[in-house]
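Each of the next two complexes has chain A plus one other chain: chain B in the first, chain C in the second.
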Partner chain A sequence: MSQANLNFNAPSAHRRLTQQQGVVMVEFLAVLPFLLMIVLLTFDLTSYLQKQSKLERLSYSLATIISHREQYYQKDAVSDELPLTQKQVTELTRIARNELSQQDIAVKVYEFNNQYTAGEPISFSNGSGDCAWRSAGAVAENLPKASNGTVEPGLFMVQLCQDIKGTSLFAKFSDSSDFSHLYARSVMVKREKRHDD
Partner chain B sequence: MVNVSTGPWQHSQLKRAKQYKQRGSMLVEVAVLLPLFLFIVFSALELARGLILYASLNHVMSEAARQVKLSAASGANYQAKLLQAMRTNPASLLDSSKLVVEQAKFYSSPETLANQEPNNSVVDKNGLLAKYSISYQVTLLSPWLEGLFPFSADILVKHEPER
Partner chain C sequence: MTTNRIKSLPYQAVSLHKQQGMIFVAALLVALPLIALGATAMSVSAIFAKQIQLGNASEVASMYIASREVNQTGSDLSAATAIIKQFNGLADINTDSVHISNEDGIYQLSITSESENFLLGEQEAINIKGSTNLVSGVNQHNLELSIIMDYSGSMYGETDEMQATLAQLTDLLTIENGQYQQAKVAITPFSDGITLSLTGDYYEESNHCFEYLTSSSNDIWNPNYPWISKYLDYAQLQQSVDTNLELESKESGCSGPNAARILLTNEQATIDKAIIDAGKSNAPSGGTSIDQGLLWGLRMLTPQWQEYQSHSDEALPSEFNVVGTEKVVLLISDGDPGGRTPWCKLIEQESGYSAGGYDICRLDKLPLCSYIKETLGVRIVSLYFPNSYNNIEAEQRMRFCASDNSFYTANYASDLKGVFKKIIDKLNDERTLVLTP
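Our next item is the complex of A and B:
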């Protein structure tokens, strides 16, 4: 009789309390995948920023090297002119791959010499064909020009492309080519070899 | 009659016991989840701090390398110069006592650089290509983040020939 009274006096409170046990855990488990996704994307973004920063610094260094090439490749000179060659660009690519410890690095070098007036300049590349190289023609429009329309002084533009499909989660899950490669480029004035060297 | 007098008392006792039980289960759940939650929050803060330090390290190193390559002198101690330039940079967010120049390698041409054949024995380093490796000895609250942030950076510069 007393048991019956008790059941009657405490109708569903006990059931409700019992049912609420573990609610925090269940809610947390529901939110956990989103939390983990945010954490992983944060890692991805961090890694992306680090790689981009390294690539930009390297493109500046490579542009410096190629702009001083008269100091290094004098033996390749043809009648006082030192043309940009595939060998020079291949060496730059090897340097880039060593510096970044990654083989999926491509390099493209443009030369705006004193014969260049418009269109695509002389260029050599080495590496992946997947890279969507930015046209140098658009860059040339803003370059200083001499009265005869040629680019003065001579310039080099180094473009670097790094494939990150294998290392970036975001690149892996998005099909867009915008996220599968990193790009960096630097423009450097051609340095003449000093006659007193 | 007995039932009437003890019913409400028993009911309130039972309700209190359930409340204690509920409070206990909440406590256990919070105790399980709070460390995980705090770990995520502090890791996010550490990550932000790491990014700022990493960006500052890159900036300070680039500036210092540029300064050193333009002030080249025969047989000079480039590592000390680089360190000095980094330590005196007013834009630096780093603790200057934790900066270390790990390595300095010199190359006579792009070919030797591509072949990884440094020549540090050359006394006159003017006009050479130099690779400096800098590290920042930072201690993070989340040691696992140290794998994500190496807190080291390399820079490749060409020393200007002395005029």
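Our next item is the complex of A and C:
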């Protein structure tokens, strides 16, 4: 290859080099959304799991509160048995909303007095309706059954439902109702008097 | 230099041409670990969340089977599993995943479950275990119950009913083969003083009406006990105590009821006999020296008195403030202040507190009550049994001396049975623990 030939090809190679610089930029721009999407989705799903975990923990705390409510509603107690009321469930909802700093929280509480001649479970709820609550009948069906003349310990079930449409990217872009709400439930044994006065 | 640069240009151009698509390849190489990292982060989050959920479920299931009646038809295992399945995300738990073990009375309920691995799929699910150590059932504290019965004159006509119901009171404790289970009972009848006729008793030779302050250094009369040392110049008191007290005692001629004290015992027959014997004894008479009664009631629970428990368990009374034992003084009285004992008068005289209007031996100001409750950790249950002479002060006196939520009133003898049941039920409830993890 002669010197003249080299001199002839040098500007062409330089021009090609200049043209290639844009290709890197284009390739990077093409890849960036994909990478960002992976990162955001990971954050979103991790946050989803974290919220779910928080809701589970809160439902357990609320179930404990409702089981120990005789300590908190002492002034209202007129008898040994303090019945579950709508007021108590409304106040539970307030606690849940304050705890999660969100208003779209719904609460549903069942009380199961699991005696041999048990009646319908007692149910109170507060909050919106898009939540897929577990029905009281389905729950009662799977609880231990008391034998003739005996009593199984009473139970409370607290269900919590949180609207996450506004906070989850996945929920925002997915039409699936599975991702629009978080749902948690916990069970707690009723505190009952051991002796008759 | 320029020539070399020019020489390399064609090779650079070729190289760059080959590098087209490298960014995609690099992105792909980065994306795979990134996805794996994200999946791992989510798997770990899910595992922790599920572990917490399993822990909560095992705790509730344990409490549930602890609260069950023993004659239920279904097994504890199936009942526990049914409760666990009610928790969110644990519907797949079955009886094979739940294990209840019992080692030396400590029950452990554990649940094994699987968590999805977002990276490896369901085939590589990770085993998670949630468990709780919880006593399935109840664990009772030992009870040392010292009953102090008022046999003063103001109780005349009331003691028959009191004795009849007292027998029922001790029946409310759990009894097997004639022995109280995890409970011991002592009885001290009192009026002006205490009858000290117990054979072999340390105080057999002492006067009925007062206590020798110079007695055993291990005893609760020891001046080092704070409630005494707070108010007394013991050295000064000791100089005059014997002669003064003896003289006082002789002058007043006081004595205790003709009913024996019974040291702590778990023998039901011994307590029942003592109650019956008390009924056969002389009619109630004399003043109401509650301070004396209270002190002897406390003595029955004082560990330094182990050596005098000659016909009872050598280990009794146990130490104060020991976890696992609840000491209770049950004071039954009409709260009539009656006559103060010579001992109290002497304390007032020597300490000078009476000059300042401080009546040290009045029950409503007696530092002994606070000392028993707060320092020694002994619960004082006060049963006010008023008579027609009583006034509001008598009630206040009894109320003051009682521990929190431990004051009861029986206006009529017929009320006693119900009140005794309340007292025993409360004691049983409070010494009954359901252990939590």
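General remarks:
Throughout what follows, the second predicted complex is superposed on the first by the 148 of 197 C-alpha atoms of A that agree within 3 Å, B and C clash if a C-alpha of one lies under 4 Å from a C-alpha of the other, contacts with A are read in each partner's own complex, and residues count from 1 in each chain.
In this text, a contact is a pair of C-beta atoms (placed from the backbone, for glycine too) under 8 Å apart; a residue touches a chain by one contact, two chains touch by 3 or more.
Since the model is a prediction, treat every value here as computed from it, not as a measurement.
In the superposition on chain A, A:Gln50 contacts both chain B and chain C.
By the touch criterion defined above, A:Leu35 lies against chain B and chain C together after alignment on the C-alpha atoms of chain A. Of the two partner chains placed around the shared chain by superposition, chain B is the only one that A:His68 touches, whereas chain C remains out of contact. With both structures placed on the common chain, the touch criterion links A:Ser101 to neither chain B nor chain C.
Look at A:Leu92: by the touch rule set out above, it reaches chain B but stays clear of chain C.
Which of chain B and chain C touches more residues of chain A is settled by the count: it is C.
Once the two complexes are laid over each other on the shared chain, residue contacts for A:Leu58 go to chain B alone; chain C is not touched. Of the two partner chains placed by superposition, only chain C is touched by A:Val187; chain B is not. In the superposition on chain A, A:Val24 makes contact with both chain B and chain C. In the superposition on chain A, A:Val139 makes contact with chain C only, while chain B stays out of contact range. Shared interface residues of chain A, touching chain B in one complex and chain C in the other, are 6, 9-10, 13-14, 17, 20, 24, 28, 35, 39, 42, 46, 49-50, 53, 57, 194, 197. Only residues 1-2, 5-6, 9-10, 13-14, 17, 20-22, 24-25, 28, 35, 39, 42-43, 46-47, 49-50, 53-54, 57-58, 61, 64-65, 68-69, 71-72, 88, 91-92, 94-95, 98-99, 194, 197 of chain A touch chain B when the two sit together in their complex.
Remark: chain B residues 2-3, 6-8, 10-11, 14-15, 18-19, 21-22, 25-26, 29-30, 32-33, 40, 43-44, 47, 50-51, 54-55, 58, 62, 109-111, 113-114, 116, 127, 129, 131, 148-149, 153-158, 161 touch chain A in the complex. Residues of chain A that touch chain C in their complex: 6-7, 9-10, 13-14, 16-17, 20, 23-24, 27-28, 30-31, 34-35, 38-39, 41-42, 45-46, 49-50, 52-53, 56-57, 59-60, 139, 142-147, 150-153, 155, 157, 183-189, 192, 194-195, 197. Those residues of chain C lying in contact with chain A across their complex are 6-7, 9-10, 12-13, 16-17, 19-24, 27, 30-31, 34-35, 37-38, 41-42, 45-46, 48-49, 52-53, 56-57, 60, 63-64, 67-69, 71-74, 78-79, 82-83, 85-89, 421-422, 425, 428-429, 432.
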